[in-house]
């Protein structure tokens, strides 16, 4: 569907060059929901803007549906763009148009008839929860309302590719969920391919099947969401995964755990998705003469099984504890790390 | 510190009235980090903008440090505002000024001397991670970089109150964390009072001690973060809490759990923060002849003890299971809900 | 009392002059609006980074605009005689003044249009581009509507400048208040006429300003 | 060849006229800039929803601006004689034209300033207010810098209109290319002079336009 | 242009509004009795009436004096002529601070109209007073400031002011000499005979004429118009209405 080869973008400002996107090679399949994550300034927005050539690449090629976007003439590009929806980080609504007229705009561009236009616009307004605000001008909307207009506008022309630049960052979780559900719906029903920049791992986890992690303009890791998250290779990815797993906070409060729970061993268990380990704690407690307290952590159900991290406290005889640890490391796929030994 | 009485704001547009903030009465103590959450369009931005009178209230009173903000004359208001920092949802940077000059702006207004100004600006630039971008104009920054400039600008004049309108929504988790740490630091060292709108429960949980939930212009719930989250009363709050606890997703995948785990009882355990319950599972397994698998859930460490929800599967004799359940309900503070009985 | 104060004034002459001023200003304004928008768009679109970026067209348009802005109005009127004769069929009277008024004012308005278009948010133009809009669509549905308040304010300014120009068009017998004030009033030291004409001109200016401000305010939804 | 073509032209006269045009335009432009910014700010700030919202001051400023924009230039020059005499000490020559040029052009530039200020992002003004900025600070550190590209473009437009006005100031012996072209060229049917003067005027216009565009581009960091 | 299908009994005459158009208006009813319809077309400009006459837009014009007409013919090659001279608008030199020609100090400034056709006329006046001498080889009517060969009092001639503004300079510039067309002087409340330092007499060559195309010189209706304009009735009207600013003449070509 989309294939990208050696894409580069260099900005020159005040005589210094910034390589915003650096030699990115990727391919995205039809129907993928492709997440892009990375630190602020990593080049995510620039990357997405290159895809529909809002920025002209400094180098590299982009193919969408076997059409070489980077080689298109002005008019061909125009037509190709009608099939690519885009949600902007800063909304970019026309202040001179009402909510309704803003959403109708891409339909006017594509020459959709008035009756159908009205119908589609109305159903989109309902979908994004803006009924009653049809005749309102953007300046009278809240941030999230503006963003929803932007999303409705991007979907109006039933594009086959949707580019989202932090489309839900101004939205509360409830609205985010309903928007994401909407996207998944369209994705499944019409095979819409979505490329989505986000800072919220929750969004990635909820709807993406592919993910790319960017750092300093480079894609440092990409692939299946579960693969990437289960075995993060780079520091960036690890940091992001920690957010999802709630470890980021755990890390910060580590000291606190160490001090609060003075007896027994503090252990981190890392479940990597196997159903056989579901009753692990129960088994350990029965098999060995120890007690286990669950201090903190998060377990998530994935298709493959439980996945996540738990901090536990094991108390009991030193020997029993050692045996239990041995059991875990030798007989299960759970990764175990002793944070502090018995005092 | 801040006390708000019967605050109201009604917008009139196209002859229809919108009550954006509806009779809000609240008080916020010095040094509080006060979170405001609510759906898009709930009136959060309007509420915060009323606090420094960027919007004139339709009714009600606001006191900050015993000064009646709503009664101040123009010049008094001006001076009062120099002590209130504000981070805008849409950044509102001056495009004609570089990063450095933007951050220096409130200092120029407050008449801080050049040397000290430069020094403070530089240290803020370092703190928000924009070193090297000092001389860049906003149009050449990424979304998150702009937001960080906005944050640095709001902090520049060492205000005693900081109003943040989704100050971290354009930021990746890592940067968000560092900004939040910065805020907590200032809060602790200088007693800065922070009022913070956010959609990210993570942010609330990480730094807020007080929270208010808004819906349709009204504050439907407020108080200590733990209290509000442990016993959410309204639907809105419950929805938000579910996000924090990872239940939102759990709810969605509930069906899936029910089908996958066909034996035993499916049970939801809700820990409400008591250290005595830490080893609950371990105890149950030992005391009764049952096995417990942890399917999904999240446990968070709070000052008061473990807090969170776990979905577990209990297998074993019907009788033993019943006893175990009885034990939990009668002898612990853990809330238990049987989702599906034994098949 | 009024009759006393303005004893020497012929009311019908003043009415006639007022009509002529209105006639010339309004027709010229329509022409200026159309031609000015065209010139302004051309300047904006062919400029560096514009949708039709084209150094040469930009240079030629700029030259055209600058040349006609620079020529003293009285010389312009005379230079345009052959053109006026061809277009209007006469080189005297109010109608003959129109081509010169339009060609004198349009380059000026064109520059104001260019300035207004430059203030349109780049992000919005980008959004339209991303939707695959034709340049025509961008012009008519984005650039012009988004710039409309500034375009109308600019038109108001131009309208008032045009009222000033009509005074000079008196040289070719186009009449109007300005030339009536100058030739029948000022040249003959009849300051009652100058005063009365000036008051009427000021009232007309206020009228245009009021209408312009009203429309601008109605259109501005920011 | 040049000497041949323009046999009748006295080079020193043309040089002198060019100097006078430059002199009048530049001095008047400085005055216009200052007075126009003042008027534009006053119009903007006292307008509905402005920082100094004040119906009456706004009305009075608008009246002042409109009256002076409406008076035909030649009449304006004469009305200003006592004022000019007091201020400049003479009512003849290039210096005597300055007050009329400035008072004729400033209201016009004032309107352009108002339009430019209206285009400044409301959010940025709000940010400054939230920081507790004095109105003075908002004016000098927010409104003017943020509107600067449009202010300079508007000044360029005004400068070129001023060049046109200097031609009319010839009536009081201020010299300059425009009146030289009309009196020594056009009146005597010496079209070489008209042509040469026009070419020089166009070149001056281009010069102003070029400088204006350059500054605008440099300042515009959006 | 309306030249082709000429109606013998209808003539269109271009004129400056004051006094020419007013004089024509006075003549209109008299001509009407003779069966001639007179249409008056007013001009504010000095170049167009001759252009219009040459290309047949109008049948005659009445706004210029003979030297101006001759210069136009020289400059453009138009085939124009005149039927009769009607009146003179004498040029006068005024000053608030200087009371006689003898008292004119060294280096006095002379403020004069920027209308080129007036320049020769004013300089001739100065020459008649013995204040300057104009180059012998130059046609006096076309003399410019550059043609002065002797200027014993070192007068500074400033030929660059709008004619209508001149009375203002008379009021405000006491030490200068101001050359003012009589019509402007009168409108400004000056009395030429009393206030003028020196003034043109009726021997002046600057006679305002009824100009026509050469081919129309013998046109009946136009000659009739000339006759009416020179009639006692119209001449009396001129004397009375413009009390001294206009001197009627009866010159015939």
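For clarity, chains are labelled A, B, C, D and E in written order, and residue numbers in each chain start from 1.
We adopt the following convention: contacts are C-beta pairs under 8 Å (C-beta built on N, C-alpha and C of every residue); 3 or more make two chains touch, one makes a residue touch a chain.
On a predicted model such as this, the values are computed, not experimentally measured, just so you know.
Counting only chains that touch, the fewest steps needed to get from chain A to chain D is 2. In summary, the chains found to touch both chain C and chain D are E. Distances between chain centres, each the mean of the C-alpha atoms, put E farthest from chain B.
For chain pairs C-E and A-C, the one joined by more C-beta pairs in contact is A-C. A separation of 37 Å divides the Cα centre of chain D from that of chain E. Chain A and chain E have Cα centroids separated by 90 Å. Between chain B and chain D the centroid-to-centroid distance comes to 55 Å (mean Cα coordinates, whole Å). Listed for chain A are residues 90, 137, each touching two or more other chains. Residue positions of chain C touching 2 or more other chains, listed in rising order: 78, 182, 186, 222. Along chain E, residues 47 each make contact with two or more other chains. Under the contact rule defined at the top, the touching pairs of chains are A-B, A-C, B-D, C-D, C-E, D-E. In the complex of the two chains, the chain E residues touching chain D come out as 46-47, 75-76, 111, 114-117, 158, 160-162, 165, 168-169, 172-173.
If you check the complex, the residues on chain C that touch chain E are 78, 91-92, 170-173, 179, 182-184, 186-190. By the touch criterion stated above, chain B contacts chain A in their complex at residues 11, 13-14, 18, 37-42, 44-46, 89-90, 135-137, 140-145, 147-148, 165-166, 169-177, 199-202, 205-206, 236, 239-240, 243, 246, 248-250, 253, 256-257, 278-279, 281-283, 285-286, 290-301, 306, 310, 313, 315. Interface residues of chain C facing chain D in the complex, by the touch rule stated above, are 48, 62-63, 66-67, 69-75, 78, 108, 111-112, 114-116, 118-119, 122, 149-150, 153-154, 156-157, 160-161, 163-164, 167-168, 178, 181-182, 186, 194, 198, 201-202, 204-206, 209, 217, 220, 222. If you check the complex, the residues on chain B that touch chain D are 52, 54, 77-84, 86, 88, 90, 92-97, 105-106, 108-110, 137-139, 157.
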